[in-house]
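The first chain written gets the first letter, and so on, giving A, B, C and D; residue counts start at 1 in each chain.
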Amino acid sequence: MALTREQLAQRVAQEFQDGYYVNLGIGIPTLAANYIPDDVQVMLQSENGLLGMGPFPLDEEVDADLINAGKQTVTMITGASLFSSAESFAMIRGGHVDLTVLGAFEVDCQGNIASYMIPGKLIKGMGGAMDLVAGADNIIVTMTHASKSGQSKLLAECTLPLTGKGCIDRVLTDLAFLDIADGKFILRERAPGVTVEEIIGLTDGELIVPDNVPEMVF
Amino acid sequence: MSGFDKVVSSYEEAMAGLEDNMTIIAGGFGLCGIPENLIKEIKRRGTKGLTIASNNAGIDGAGLGLLLEDKQIKKMIASYVGENALFEAQMMSGELEVELTPQGTLAEKMRAGGAGIPAFYTATGYGTPVGEGKEEREFDGRPYILEKAIRGDFSIAKAWKADRFGNLMFRKTARNFNPMAVTAGKIAVVEVEEIVAVGQLDPDEIHLPGIYVNRLIKGTFEKIIEQRTVRSA
Amino acid sequence: MSGFDKVVSSYEEAMAGLEDNMTIIAGGFGLCGIPENLIKEIKRRGTKGLTIASNNAGIDGAGLGLLLEDKQIKKMIASYVGENALFEAQMMSGELEVELTPQGTLAEKMRAGGAGIPAFYTATGYGTPVGEGKEEREFDGRPYILEKAIRGDFSIAKAWKADRFGNLMFRKTARNFNPMAVTAGKIAVVEVEEIVAVGQLDPDEIHLPGIYVNRLIKGTFEKIIEQRTVRSA
Amino acid sequence: MALTREQLAQRVAQEFQDGYYVNLGIGIPTLAANYIPDDVQVMLQSENGLLGMGPFPLDEEVDADLINAGKQTVTMITGASLFSSAESFAMIRGGHVDLTVLGAFEVDCQGNIASYMIPGKLIKGMGGAMDLVAGADNIIVTMTHASKSGQSKLLAECTLPLTGKGCIDRVLTDLAFLDIADGKFILRERAPGVTVEEIIGLTDGELIVPDNVPEMVF
């Protein structure tokens, strides 16, 4: 079975290590904050100028001056810090964030990512995504493995305009967890009940399948 | 007061000298920490042909969105322009030019503009549409693109507290682009929630020194929330 | 405490991993705001062949001057190196290489190193010995030179207060190069006068977020004054 | 008579305008702070991270954490602000300081300045001087017009390594106040009792002498 949104978020959260500073993109990445293991503390970076983002506020705590990068009202955890956008992206571009998780339309086996623009459709902009993929050493892309019509989104070469070139080395899809290295996808884990054959069939870019591809454990 | 007193008495005075076809650098992220009343004053003045650098372009009926109603903006330099039907319509019709700029690059371009750095290299945007037509260069085996500083005829920004000398403090994530925006305009106009006596701010806690500020005004703010998200107790 | 607790229990632990021929980025201006005890620990370790980027090189018997006594420094990147006879002797004899760098360029090189900017253009040093061998380029009709970022294996810096997460506050002009120095080292070590409980620092007033800090230690400081100048009442 | 150090400082102070942010170099420029006119308020920038530098402290006020760029203990005036060296030079390089006053060994009629290095002598470094001359639009160089042996320091071309190229347009010497424009010195004022002929004789670079060259007024 393909992973649910919640399972994707859970699997992302397994990558969190104690003491990690993490930037979570809008959507499934943000959900991962709900599954942080008990023995692990991570600090969430919000690129609009907050390190130590907390949960949504109680109704009476809502503060128009305290939002996240998705413009949602949030809170701060104890030990948080606030700073300008220039400082925030100095942090991101300088590689100080330990883990970045974000969504994509397509990735390819060269490590390219397309996530912000579909030609002919409305262009809303890249926000901080280009900075995040260029600045982080440790990125996980979360996405569906293929479109509803069965078209692979793990390509030999991205068809959409790129958000970043050669900067992605890990992809978590609803079917599999893959590394990208030397121009190839490498299958590391599969979703429970999903076969290696299914993944091969829905992966367009060159795919290395090790002898043992364990199922994800939740 | 002294020659360092930056306080002006009206919004009209705050934006005096703004002319058609000028460039404005604006602070704010979404509707958070935007110079609401300075934007309304620009709308009142009816200034046309403006180029505005701001992370976002407001929403329909609020923030920079107000300036779209009378087609005052010629060109928008921004990282994200969703959630704005009027913006979309003017962009699609070609009335409004848009230069999409990655958020961190935009922040750094404003900082560079204020800091006398004419251009810098960044990996952000390399190999993407943002890098097209820009110089590419390797440093230590990694490719980067050259990005130029941005400066404006005016800066418009919003801070929390200021003293009359224009020393500024920002509050929470309403800081965002505001400090850099202030530094990048020839005439920097800042509106604040509170103006305190000189000496009331701890010199160690001032976020941006008054040297960058030309005009200061106290405003009242609506502070529209774009995405009110709450949890239950 | 959590994985964000940066406090180490000894100076030995603070500088663990420092090896011969490494590069260190150091905060401080003259003897003001220098990481006194981290420097003493480097002296105790006897690490040799160091390249150190710091605005100054201390004075005889104090600050980085201590590391000259056992010839631990191979190369100094600084803007001003006067007031130090031992430094002069080692420089004149060729034992010590010196790369004079304008003060503002040095500060910006450290910031760039921490901020992922590999290089930037500046007018500072154009047409002078500092510009020799560097790329020159015009922007808007004015000539600039290309300066590269600087990064280190270690940063050593001194702050005033910190919480255990490494969130830092500096005091008065002891701030100087310290914030940028912290950001530019792979392992950033900071010594402070006081460590407070997490939550004791106002998030709006933190000068440098703990994300940049790897190791934190509380020290006691001599704070030598180079030029004690007073007026009479 | 050649101006004294105090007169040089006084003449510099006449250039201060109310509301000016000013950076004063070590030596005579610093002395100018003692002659700020009563109806004028200026704010002194110290490039080590202080805007709003005050006088030297009383003995009991001395604070090792509060020094100026010459490493002297100082105080802050009401309304001062503190910041990092990067921010300080952003301010300087970005042209936000209204007036910079600094000393020099030589200037020439191309606007070049040499102030930090005499080959063969000990090289101490340029400190912030290169940033200051490159960043400021409005600079006054204060210096003696000639060496004790009568060698001009206002040259056709600097002989010493430069601190900045083409960035000086005003020079105040102990004999004269001069502009620099279009490759020429222009004599604007002379020290009381100093003749135009004396100045001509001690100026090596091309010198324009207007019909009327008033004496400085103190």
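The rule is simple: contacts are C-beta pairs under 8 Å (C-beta built on N, C-alpha and C of every residue); 3 or more make two chains touch, one makes a residue touch a chain.
Just so we're clear, the structure is a prediction, and the values are computed from it rather than from any experiment.
Looking at chain C and chain D, the chains in contact with each of them are B.
More contacting C-beta pairs link the chains of A-B than the other of the two pairs A-C and A-B. Per-chain Cα centroids separate chain B from chain C by 32 Å. Centre-to-centre spacing of chain A and chain C amounts to 35 Å, using the average Cα coordinate of each chain. The distance from the centre of chain A to the centre of chain D, with each centre set as the mean of the Cα atoms, comes to 55 Å. Per-chain CA centroids place chain A at a distance of 29 Å from chain B. Residue numbers of chain C whose C-beta contacts span two or more other chains: 108, 111, 115-117, 122-123, 170-172, 175, 203-204. Shared contact sites, meaning residues of chain D that touch two or more other chains, fall at 76, 82-83, 89, 92-93, 135.
The touch graph of these protein chains has some other shape, matching none of line, ring, star or complete. If you check each pair of chains against the touch rule, the ones that pass are A-B, A-C, B-C, B-D, C-D.
Note for the complex: chain B touches chain C at residues 108, 112, 115-123, 139-140, 142, 144, 148, 169-172, 175, 203-205. For chain D in complex with chain B, the touching residues are 17-21, 40-41, 43, 45, 51-52, 76, 78-83, 87, 89-97, 135. Chain contact summary for the complex, chain B toward chain A: residues 29-33, 55, 78-82, 88, 98, 100, 102-108, 110-111, 122-130, 160, 170-180, 207, 223-233.
On the side of chain C, the complex with chain A involves touching residues 2-4, 111, 113-117, 163, 165, 167, 183, 198-199, 203-204, 206, 209-212. Listed in rising order, the residues of chain A touching chain B in the complex are 46-50, 55-59, 61-68, 70-74, 76, 82-86, 88-89, 92-93, 112, 117, 122-131, 134-135, 161-166.
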